[in-house]
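Same chain, two partners: chain A is paired with chain B first, then with chain C.
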Partner chain A sequence: MIRAAGAVALAAVCFLAIAAAFFLLIGKPPLQMLGTMVLYAFGDGYSLSETLVKATPILLCALAIIVPARLGLISVGADGQLYIGALAGTAVMLAGTAARGWWLLPAVLLGAMAGGALWGGVAGVLKARIGVNETISTLLLNYIGVLLVNHFVYGTWRDPANLGWPSTIPFPPEATVPSLFGTRVHAGFLIALVGVAAGHAWLVRSRFGVELRVLRENRKVGDMVGLDYARNAIVTMAIGGAIAGIAGICEASAIQGRLQPGLSLGYGLTGFLVAWLSGHSFVWAAPISVLIGGLIAAGDALQLYAKVPAASATVLQGLLFATALAVAGVARRQGARNG
Partner chain B sequence: MAEWAALAWFAAMLRSATPLLLVLLGETLTQRSGIINLGVEGQMLVGAVVGFAVAATIGGPLVALVAGGGAGLLLSLVHALLCLGFRANQMGSGIAVWILGLGISSYYGRSFVGAKVTTFAPVLGVSPVIWSAILLVPLAGWWLYRTRPGLVWRAVGESVDNAHALGIRPRGVQLQAILVGGVLSGLGGAVLSVDYTQTWANEITKGRGLVAVGLVIVARWNPFLALPTALFFGFFEAAVLRLQAVGLEVSSYLLACLPYAACLAVLIAVHLSARHASYMPEGLRGVFDAERRI
Partner chain C sequence: MIQLRGVVKAFGPVRAVDGVDLEIRPGQTLALLGENGAGKSTLMKLLYGVYPPDAGTIEIDGRACALSSPAAAIAQGIGMVFQHFTLVPALSVRENLLLTWPRTRWLLDRHHQSMLASLTALAPALDPSQLVAQLSVGERQLVELARVLNIDARCVILDEPTAVLTPLETDRLYGLIRPLVAEGRAVVLITHKLADVTACADRVVVMRQGRIVDAAPAGERSSDQLVRAMIGESQALEGDPLPPSGRTRLVVRGLTAGGARDIGFELAAGEVLGVAGVAGNGQQALAEALAGVLAPTAGDAVLDGRSILRRAGRGAIDPRVAYIPEQPRDNGVAGALSTTVNLALRRLSAMPAFPDWSREADAARTLMRRFDVRPADPRLAADALSGGNLQKLVLAREFSGAPELAVACYPTMGLDVAATGAVHRCLLDLAGHGACVVWFSEDLDELRHVAHRIAVMRDGRIVGVLPRDLASRHELGRLMAGPSARVA
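Moving on, here comes the complex of A and B:
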């Protein structure tokens, strides 16, 4: 535990040094930039709410990566699942918008979960039945997911009232994930927190969690004691997909108010980064998502006020990931030497 | 008339296949040494932006392509450092390199949106880059299967331990293999932006590098088979453009799914054939986990 904390501290210091070097390279005062970023991320109520708005899809996408990772699967498919979830949820909204009622939101959410589960499940079935590598299949499915959403919002679902802007009709209030405390933070954040607790209880701390762990660490042993790898691969990929689908419908209904292109701002990849940084732990994913959400929200603010291009946040994420991988390598080597 | 249409189609296929062919060759050679690199997507992107920047400012397509290859090489050093230096997970490291390349290319690409560049004069109807890339295929195949260094790379890819016992320095070989993959992916990216599209767009590669990682399996880790595999993908890309041009009643977004869907479909087909796993370098098995389970 102390060693783990040391590794985290080392990673943080290394990352701050590299980030400072990056700001120097692009000609901005590094310390001032880092200070401003903390301020824009967590400085006041508004900044904090924007941070949580960003953290919500990131945490949901991270959970979508962590669930299959408990079985040792490396999925990168959260983005595609997010898009297909939003697509399916929007289909339910469009079908039910004439006869509105309290039931519409649950139906929309279930639709989104089903869509995401389908997209994740496809990769799960391909992995379980014929051994197609899940990392590659989920990456390909991401591109198809984005294009399918474009197909519908530029096509049959386009609202003529938008004067050519490609998007569906607005989500009616009955189909919108409600906001919290009158801010842009929405109930998706609570769903994500429930997901963290449920994931930890059901996929780590339970008998099922032990099953997944046995199969992850030694599939032959798992086979011998009668555990079903194929079934679990499909189930975990589908559950992950369902969670990413929720992220999609929350973004479409609560943040953008309609389904339109550019639904995800790289949340899937960022979620992958968070999942990795957390060591595929549900519990750690929540605070790390808030930190990374802060980084991205601050990046948006810096773009507005300090004319720092939005791409800087992506570069910083890449640097953070590379630093974390390097520090984990050092920690492992130290562990092997001492233990 | 029909002949011209067929020729035009074939030329379009060659043009869109070439960037992919270069990345595919590079990733094939990298994987033959037992290293998988998803970062080729990011390396392509930096190759594309640096190549385009050089072509748009200094000028000269040849210098631009060399610069693109160099950029790919530099970024692939990150993958080498993480995988070989820090023994990081190869999938994770590749994705870190991808994110880095994505950020760097959109950061430096901002000022080139809308710019145009000129490229080589055509030879036999298409860019000489295409003929050079095709010539590279037998060269890479001959090198891998018929020379001593090629044998050494394949030995490392089969088993790092055995190679070590034979007096080979496996990490050194894998470093070379990652860097060769870096040059070829950067070059592929530069060919894409400088020679093919001749304009800059954010995320210009649209997943070609990731598709290439998948297609390595389809090409059975064999440089010779990289050519037909890349042409197959190029066929679908050309189809997207051609079918739009003739005004087919299908949305352009559905058509744009075709290359990815085709890649997934051939992956499925290849996995359904019982023997496919026997082509994989043994050293990749741990990372890739392509065991057949029914």
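Moving on, here comes the complex of A and C:
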């Protein structure tokens, strides 16, 4: 535990040093910029709410990666599942928008979960039945997901009132994931937190979680004692997909207000990195997501107020992941040497 | 001449090698004998540069050497063949030899010739373009040995070389060691088998708990003296199996599954059937089919009127069957998980959604004490246990449900004398209580000791079943080899 804390501190110091060097390179005062970033990420209520807005889809996508990873599956499909979830949820909204009622939001959410689960499940079935590598299949399904959404919003679902702008009609209030405290933070964040708690209890303490670990460690032994790898591959991929689907419908309804292209700003990939960085731990994924969310939100603010290039946030995010993974690797090697 | 003086190596609080003086002389085979965990392999890894010693010196021809890495050891002419091979399975034999071919940067035809020379001498029939993955264990060992000879090793260390070999392959290995010694090389044979000592050692050194407890020319020590030195006390062999009762319990008819074809036999209550055979003659398929892991294509195996076989390729092993798989580290446990989970594996599907893990841990501790698994720590990862304790862990899991049939595959392979005794006791106890036991082994002496009858498998079929008093080594060997095989 002390070693883990030391590694985190070392990673932070390394990242700050490299980030300072980056600011020097683009001709900005490093210390002042770093201080401003912290302020823009966590400094006041508005900054904090923007941070949580960015953290929510990242955390949900990280959970979508972690669930199959408990079985040893390396999915990179959160983005595609997010898009298909948004697509299916929007389909429910379009079908139900004429006869609105309190039931519309639950139906939209369920639709989104079903869509994401289907997209994850496809990769799960391919893996379970004919052994298709899940990393490759989820990667390719991402492209299909993005392009399917494009197909609908440029086509039959395009709102004529938009004068050629490709998007659907706005989500009615009955189909919108509600916001919290009058900010842009929405109930998706609460769903993500519930997902963290439930995932931890379910996959760490329960029999099912142990079954997944047995199958991950030794499929032959799992098979011997009657555990079904194929079924669990499909189930975990589908559950992961459903979680990513929630991220998708939250972005479409609460943040953008309609389904349109460019729904995800690389949330799936960022979520994958968060999942990896957390060591596939539900509990660690939450704070790391908030940290990354803060970095993205601060990057947006810096771009507006400090006139740094738009790509700065992405550069800093990449630097953060690279230093964190490198420090984790060094810590592991040190641990192996001493242990 | 290699001389180790006062060598010490500790891992945490454990002194694996505790002040050892050892002389390795050219032109001699030195057998380094000891139980699992006695420090034999660690001592030789110090010499091979895998670890630096905490104290003491290593002198080669009178000069102190710092062997900081295997590369440094190889430069001094020390080569080691590990128990777990270090070949790359996806490459051919020739490519594997190339990987460690030290002599030249560019590879010309004449280099190919000399690179393959030692392999040709060891195994003329082996095709160097074959993939290592396709080789048998014995053949892989020959390739490893050829690799060591390629570096002109003057000292060849073999770590438990016979643990993975069939009797025929073992005899051939003994035959290969003698010419190495005759060429003036030193050979160190790490082993816990007395048969290895009597077959080819010139000098024997016995280690126990990191120290050398006996060293003498091999001819001056009896087997009994060596065993006493190894385990610190004279251990009587376990008692014979009780005579079986007349009631037939297990009936196998026309069983065909994987490489096992048309197997049929019957077992009475309390009967132990030994199954012998050269590795790869269908034993594994038969064991997996009987255990209910491999679905059969034909035939049946009925225990007390109900089939024990796996149907339609799904479902767990029959709860009445205990299965001790070959190489339990790979096939019997989920290594990174705790001993508690590993002990609960067979019951896992029947557990509540949120099991009471603290109660499971208590049960695991009790069970491990009963089966003498050390340390009896319910939170320890199964992988952290030594080979013998891991085997006892698997026994504890499989036998805790009072099984009616035990299928045991090479249950004592690689275990030391004490652990072997414990495994024998477990299985014979079970038979004593009326269960049937099917015991696969390549150790014919073990089978003749524990089994009532011995079946011999060849080409997937049972080619003969001998009662124990008629099952001489010679007769079993004849059945195993088949009519056409040459006598090695």
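Note that the second predicted complex is superposed on the first by the 339 of 339 C-alpha atoms of A that agree within 3 Å, B and C clash if a C-alpha of one lies under 4 Å from a C-alpha of the other, contacts with A are read in each partner's own complex, and residues count from 1 in each chain.
To be clear about the criterion, contacts are C-beta pairs under 8 Å (C-beta built on N, C-alpha and C of every residue); 3 or more make two chains touch, one makes a residue touch a chain.
Source: prediction; values computed, not measured.
In the superposition on chain A, A:R207 makes contact with chain C only, while chain B stays out of contact range.
Look at A:R184: by the touch rule set out above, it reaches neither chain B nor chain C.
In the superposition on chain A, A:L227 makes contact with chain C only, while chain B stays out of contact range. Touch counts on chain A: comparing chain C and chain B, the chain ahead is B.
Of the two partner chains, chain C is the only one touched by A:N218; chain B is not.
In the superposition on chain A, A:N150 makes contact with chain B only, not with chain C.
In the superposition on chain A, no contact is made by A:R158 with either chain B or chain C. Residues 205-208, 210-211, 213-214, 217-218, 220-228 of chain A are the ones that touch chain C when the two sit in their complex.
For chain B in complex with chain A, the touching residues are 38, 42, 78, 81-82, 85-89, 91-93, 95-104, 106-107, 110, 206-207, 210-211, 213-214, 217, 251, 253-254, 256-257, 260-261, 263-264, 267-268, 271-272, 277, 288-294. Note for the complex: chain A touches chain B at residues 26, 74, 76, 126, 128-133, 135-137, 139-144, 147-148, 150-151, 154-155, 229-230, 269, 272-273, 276, 309-319, 321-322, 325-326, 328-330, 332-333. Interface residues of chain C facing chain A in the complex, by the touch rule stated above, are 291, 293, 314-317, 323, 325, 330-337, 341, 345-346, 348-349, 351-355, 357.
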